[in-house]
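In what comes next, chain A is part of two complexes: it sits with chain B in the first one and with chain C in the second one.
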Partner chain A sequence: MPQPDHSYVIKARTEINVERKYHMALLSGMRAWFGGRIFRKVMIPWLLILPIALIHLIVVIGPTIIGLYFSLTKWAGIGQSTFIGLENFKNILTNDDEFWPTFGHNMLWMLFFLTIPMFMGLFASSLMAQIKRGAMFIRTIIFVPYILPSVISASVWRMLLNGNIGIGPKLASWGIPGLDQAWLGDPRTALPAIAFADNWHWWGFLMILFLTAMQNISPDLYDAAKIDGANWVQEFVNVTLPGIRPTIVFMLMMTAVWSFLVFDYVFLLTQGGPAGSSEVFGTLIYKDAFARFEFGYATALGLTICVFAGFIITLFTYMRRRGWDI
Partner chain B sequence: MSTKKLSKMSRREMLKLSSLVFGGALLAGCAPTVTPTQAAPAPTQAAAPAATPTTPAATALPPPEETGPITVWLTTGDTYDCLVKSECDSFNAKSKVKVEPASKADVNESVRAALAAGAGPDIFPTNGASYTLEFAIAGQLLNLDPFIEMFNWKSVFQSWALNTGVYNTHLFGLPAELETIVIWYNKTLFDQKQWPLPTKMDDLLALCKTINDAGVIPFAGQAGECKPCNEWYFIEYCNKIAGPDKFYQALTGKIPWTDDGFVEGITTLNTVVQNGWLEGSPAKFLSATFDEFRSNLGAGKAAMNMEGTWFYSNVFDYFGAKANNTNDWDIIPFPSKTGAEIYDLGLGSSWVVNKAAKAPNACGAWLTNKFSPAVASASFASCKQEPPPIQIKAEDIQGVDPRISKVYGNLSKATTEGRYGYTNWTFFPPKSLVYAYTEIEKVWVGQETPKEYLAGLDKVFQEELKAGKVPPIPTRG
Partner chain C sequence: MNWLIKRRTKPVFVNYVVLIALCGFALLPIYVLGINAFKTDAEIGQDSFALPAHFLLDNVTKAWTQGHFGRTMANSLILVAGTVLSIMVLGGMAAYSLARLNPPGSNVFMIYMLTLSSVPVWIYIIPLFILYKNLGLVNTRQGLVLLYIALNSPFAIFLLRSFMLTLPRDFEDAARVDGANEIQVLTKVIVPLVWPGFLTVGLVVALGVWNEFQLAYIFISTDDLLPVTTSYYAFRTRFGQDWALTSAGAFIMIAPVILIFLALQRRFIEGLTQGGIQA
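The block that comes next holds the complex of A and B.
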């Protein structure tokens, strides 16, 4: 009697086993890869960041590269551009009568905002930290100007600084002289007046930041200082300031960078006048791009500002690497 | 003046003025202009304003062949709804291809970004001839030459005005608002004080002193809110003191801007500023706003306001019941040195068609409708939109104040007789324009002399003239 042929069954089983082993090996390999250190530490962060990286590529890196190209061209903002190499940058640094005075105004602006609002914010926050009752109300009052649209604040300040209907003439009518003048119409006072108006909305924001940082300082340090007999000033200098130093330094850096980007208050209050006395890079770029039809040149100016801002950031980074606790 | 009296006077004046103002031609001229087959004047040489035309204006709208719709961008403002009704609804009522208007706060800036992206509206206004020139140079605009014959534009527009939209012998833009600068004065105050109306520059300066001595600001004005408006002063003092002939010669590069006539003009202007005859003091003038100086005029704190005819759309906000005063206003031309009554020609926006427009004929039809006497008259009367440089008959105009009608009548007469000057915003290239209105503040604050300022202007202007950036200039007949 012929034996039944089971070889095909054995063969099939063997194939199934091989396939199973293959799949198991594959699964094991995948498990090792996806569950592995490299995947968890390297790949997952990259995958998570991918969507925002793509958006950043499209809305930041792309325009930056395009801007970089247009800064090397003569372009009216419409139509064809002509490649002119570094001509725009050369003209900015050597032929532009407005560039260096404007640079000076931005530096004055930076000097003002690195000092006055910083001191105001620090002083007010150190006082506010001690207030318990009604603190939220006072903080809100001081912070409100920051959330007001600049166009509203600027309109209000335009009236307040007016030479006919502003604060000065009103005080003069009450017998208080000295402030009765058109602050925005005098080349000597226009830029400080705009900085004053801008600071009105800015310093409250600094105060809130410093106050928040102060609340993270351990109360034990203040208790220890009190035991050692420190007065309010000594507490502030030896406990508060070191405690919020990272916040102060960060805001100093950001204020320095933002000082090169100022536009809204200057444009709304004087448009850079009178006689260019309040011209800043923001208004100059606007004028070059939209009134003089010099988009390529304006882009080069914008990039020049980026260099200044980059220098400031590099300086702070260098200081941190040198061991400064910032 | 009561409303009733004004209304009666308006009708009477309209009849009186009809022969002068709108009867023959409100805005005269029919000199040959650019056509697809006919060579146009060189970019810097437009035809001179000519005498009253005899050919009727084209008003018929040929049925567009395209499907549309077409899009048009208009500037956001108080008159937007009124203009949509006047210019778009009237077109949609009779056209198969519909127009879709959109409101933009700053059309010029919005449209540049849109065009760069290959989009944008089919039709839009630019800020003027020099801006149209930039768009045309960039190759973004549709050549309008075929429409000149198709819609009979030669008989609609004054040739000098039409030629301001010409670049490289082709038409790219249509001139819209016809403007000139005049003196708006507080008539009630003048009548009370019995101040004489000046006809010569010397009279004006003497009057300023008299007004100032009386404790009233001679001229209301601002340089705080609108820097480009500084050009009004440049235009008037240079045209009226140096004279329009010299202004023309400078615009065409025959004489420099440092000519003694211009130096005298800017020096006189600076005297007015330094004496506080503009808004009380240089600092107050340099920081004042529109609402502030116009309120001063209406309230009688200031006696005069040197401003363009566009102020007609706002003047009733500052005089009479709306402004809570009983004051009245009137207009006189800005006096010249010689005493000749000179009006400076200005064109406001310039209307262009996107090169990528999918229904170009419909765009041409819409423009023809916008610039037809019926629609332009309706916009003038209802929306207080200044009329374009086209021919409008008296019967087409209803409800326009006779004082402003008189200005347009005189402007028409002046252009016919060659007594016209030039405005910067129409005939200056962009960089020179910016220089003229920004750097003049350095003269006003004592940082530059008039001669230094004009030397700088001449340098910038000659560069732009050489680069072909100066719009076509109407020749002097």
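The block that comes next holds the complex of A and C.
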């Protein structure tokens, strides 16, 4: 009688055993991994950042890199792009009809916003710092324009700067002549008029920033100044200004950078007109890309103004390094 | 001491005079807009600063239908809700990681976030437009919301992170001892404690998205999807000289914003000045 062959049983058993061992190893491995240091200290923290990082990769970083290439091409947005090297940048810098006047307008814009809103903000916040009763109320009122959408501010100032129904004609009817003109329709006044409207919405924000900074200055310094017999001008120059200097310098830097990026108010009020008298880089890039379909050229122009912005930031950083203590 | 108090009271009166004049400057355009919304065009032509003879509601109803405010405000609300919810969830996660867990390499991400707030949109907006076109994301809400999330996330993450850094670690450690994992620590311990931070972020981001014009104008041109800002621009272009109608449209658009701002002004002002880096 032949012996029944049990070898398959043994074989199966060993297989099962091996498999079980393998499973056990896998399980403990997984446990070690998921409960492990690397997983807890590296994987989970990065997984929490990952979604935002991915969005930035798709929306900001990726396009920036693609843009670096497209700035070197001639491209209409559809079809093939042709590599033309630095041709776009050469055309930009030699385009005397568009680039340099626009550069001038942006510099004027910067000059306006580095001075007038800063002065208004400092002036109003130093007045605010001295009062208590009603301060909250005044603060809120002055801040209201900042929360309005640019379309609305632009729309209402279009009405107020109008030559027939605006502020000018009203003043003329009260006997104050000379202001009843179409501010936005005149090439000489269009750009300052837009800046005026934008400033209406902007300066209150600066005031609050400066006021908050002033409230963080130690009252001891003011007491010391008083004991020394300082009047309020000396107090302002020697205590308040140094106390809020970091805020002022930071806002000066950001204002300078933003001056190259302005778009909304110019586009909404004049679209750069009349006759290009209020053209800024924002509206110019918009036109080059979405009206003239010169995508390569427009990208190169965008890159150029980023260089200006980068230059300003480097300048401020450099001055800080040089011990300007700002 | 008497002379000191005397010297302080006199300039304070001058302060009030100047500040009230500045308040007038801030309010004048809003006043003009508010009254002209309820006047006839003829009345505005006569005197655009006078109160209406009788309050006329026709402009508002006409602007509501002609400007499709029902639809466009709904569109804006969808953009606001999408952005705010995503920012709260995703930004909260990232902020927690950056505040407490500090994985190796996370400082690179922080520096990137800091620089981003001063990188001009013009450097990537055109290639992004082309990319979106290829991905079918132009003229979609999702595409615009993704962009809004990216642009608002530095502010949201830094604000939430600074809130989280002020919390004592004891609460979290207690939860960890009880066997909670990082996700549970975040949702059960951190979120309830920094809730005011989330509220501030939500308000500031919502206001920013509601008011946003430039990117909405570039990325959305389908009538059905227009948010209230770009749609108002089209409306104003169409009825350019009809001051009564455009004022009424503007009134519809800003009335809710101003009311919400006045109700929550302290939180708004705090949030916006902390995000001053953004504007």
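As a convention for this text, the second predicted complex is superposed on the first by the 266 of 326 C-alpha atoms of A that agree within 3 Å, B and C clash if a C-alpha of one lies under 4 Å from a C-alpha of the other, contacts with A are read in each partner's own complex, and residues count from 1 in each chain.
In this text, a residue touches a chain if its C-beta (ideal position, glycine included) is under 8 Å from a C-beta of that chain, and two chains touch if they have at least 3 such contacts.
Here the structure is a predicted model, which is why all the values come from computation and not from measurement.
Engineer: So, on chain A, is it clash or fit between chain B and chain C?
Structural biologist: Superposition result for chain B and chain C: clash.
Engineer: Once the shared chain is lined up, is A:Val237 touching chain B (first), chain C (second), both, or neither of them?
Structural biologist: Neither partner.
Engineer: According to the contact criterion defined above, which of chain B and chain C contacts more residues of chain A?
Structural biologist: So, of the two partners, C touches more residues of chain A.
Engineer: Taking the superposition as given, does A:Thr140 touch the first partner, chain B, the second, chain C, both, or neither?
Structural biologist: Once the two structures are laid over each other on A, A:Thr140 reaches chain C alone.
Engineer: For A:Asp186, using the defined touch cut-off, is the partner it touches chain B, chain C, both, or neither? Pick first, second, both or neither.
Structural biologist: Touch status of A:Asp186: first partner only.
Engineer: Considering only the touch criterion stated at the top, classify A:Ala25 as touching first (chain B), second (chain C), both, or neither.
Structural biologist: neither
Engineer: Does chain B (first) or chain C (second) touch A:Val42, or do both, or does neither?
Structural biologist: second
Engineer: Taking the superposition on A as described, I'd like to know which of chain B and chain C A:Met107 touches: first, second, both or neither.
Structural biologist: The answer is neither, since A:Met107 touches no partner chain.
Engineer: Which partner does A:Gly77 contact after superposing on A: first (chain B), second (chain C), both, neither?
Structural biologist: After superposition on chain A, A:Gly77 lies in contact with both partners, chain B and chain C.
Engineer: Taking the superposition as given, does A:Phe293 touch the first partner, chain B, the second, chain C, both, or neither?
Structural biologist: Once the two structures are laid over each other on A, A:Phe293 reaches chain B alone.
Engineer: Thinking of the overlay built on chain A, is A:Thr270 touched by chain B (first), by chain C (second), by both, or by neither?
Structural biologist: So A:Thr270 only meets chain B here.
Engineer: With chain B in view, single out which of the stretches 41-49, 77-85 or 131-139 of chain C clashes with it after superposition.
Structural biologist: The listed stretch with clashing C-alpha atoms is 131-139.
Engineer: Please report the chain A residues shared by its interface with chain B and its interface with chain C.
Structural biologist: 77, 164-165, 290
Engineer: Where on chain B does chain A make contact in their complex?
Structural biologist: Residue positions touching the partner: 108-109, 112, 115-116, 134-135, 137-140, 223-224, 227-228, 280-289, 292, 430-431, 433-434, 438, 441-442, 444-445, 447.
Engineer: For a test of understanding, state which residues of chain A touch chain B in their complex under the given definition.
Structural biologist: 76-80, 158, 161-165, 181-187, 270-277, 287, 290-294
Engineer: Where on chain A is chain C touching in the complex?
Structural biologist: Listed in rising order, the residues are 40-42, 44-46, 48-49, 51-53, 55-56, 58-60, 62-64, 66-67, 70, 77, 120, 124, 127-128, 130-131, 134, 138-153, 155-157, 159-160, 164-166, 170, 200, 204-205, 208-209, 212, 226, 232, 251, 254, 257-258, 260-261, 263-264, 267-268, 281-282, 285-286, 289-290, 295, 298-299, 301-303, 305-306, 309, 313.
Engineer: Which residues of chain C touch chain A once you look at their complex with the stated criterion?
Structural biologist: Of all residues in chain C, those touching chain A are 4, 8, 11-12, 15-16, 18-20, 22-23, 25-30, 32-33, 36, 44-45, 47-49, 90-91, 93-94, 96-98, 101-106, 109, 112, 116, 118-131, 133, 146-147, 149-150, 153, 157, 181-183, 186, 207, 210-214, 218, 229-230, 232-233, 236, 243, 246-247, 250, 253-254, 257-258, 261-262, 265, 268-269, 272-273, 276-277, 279.
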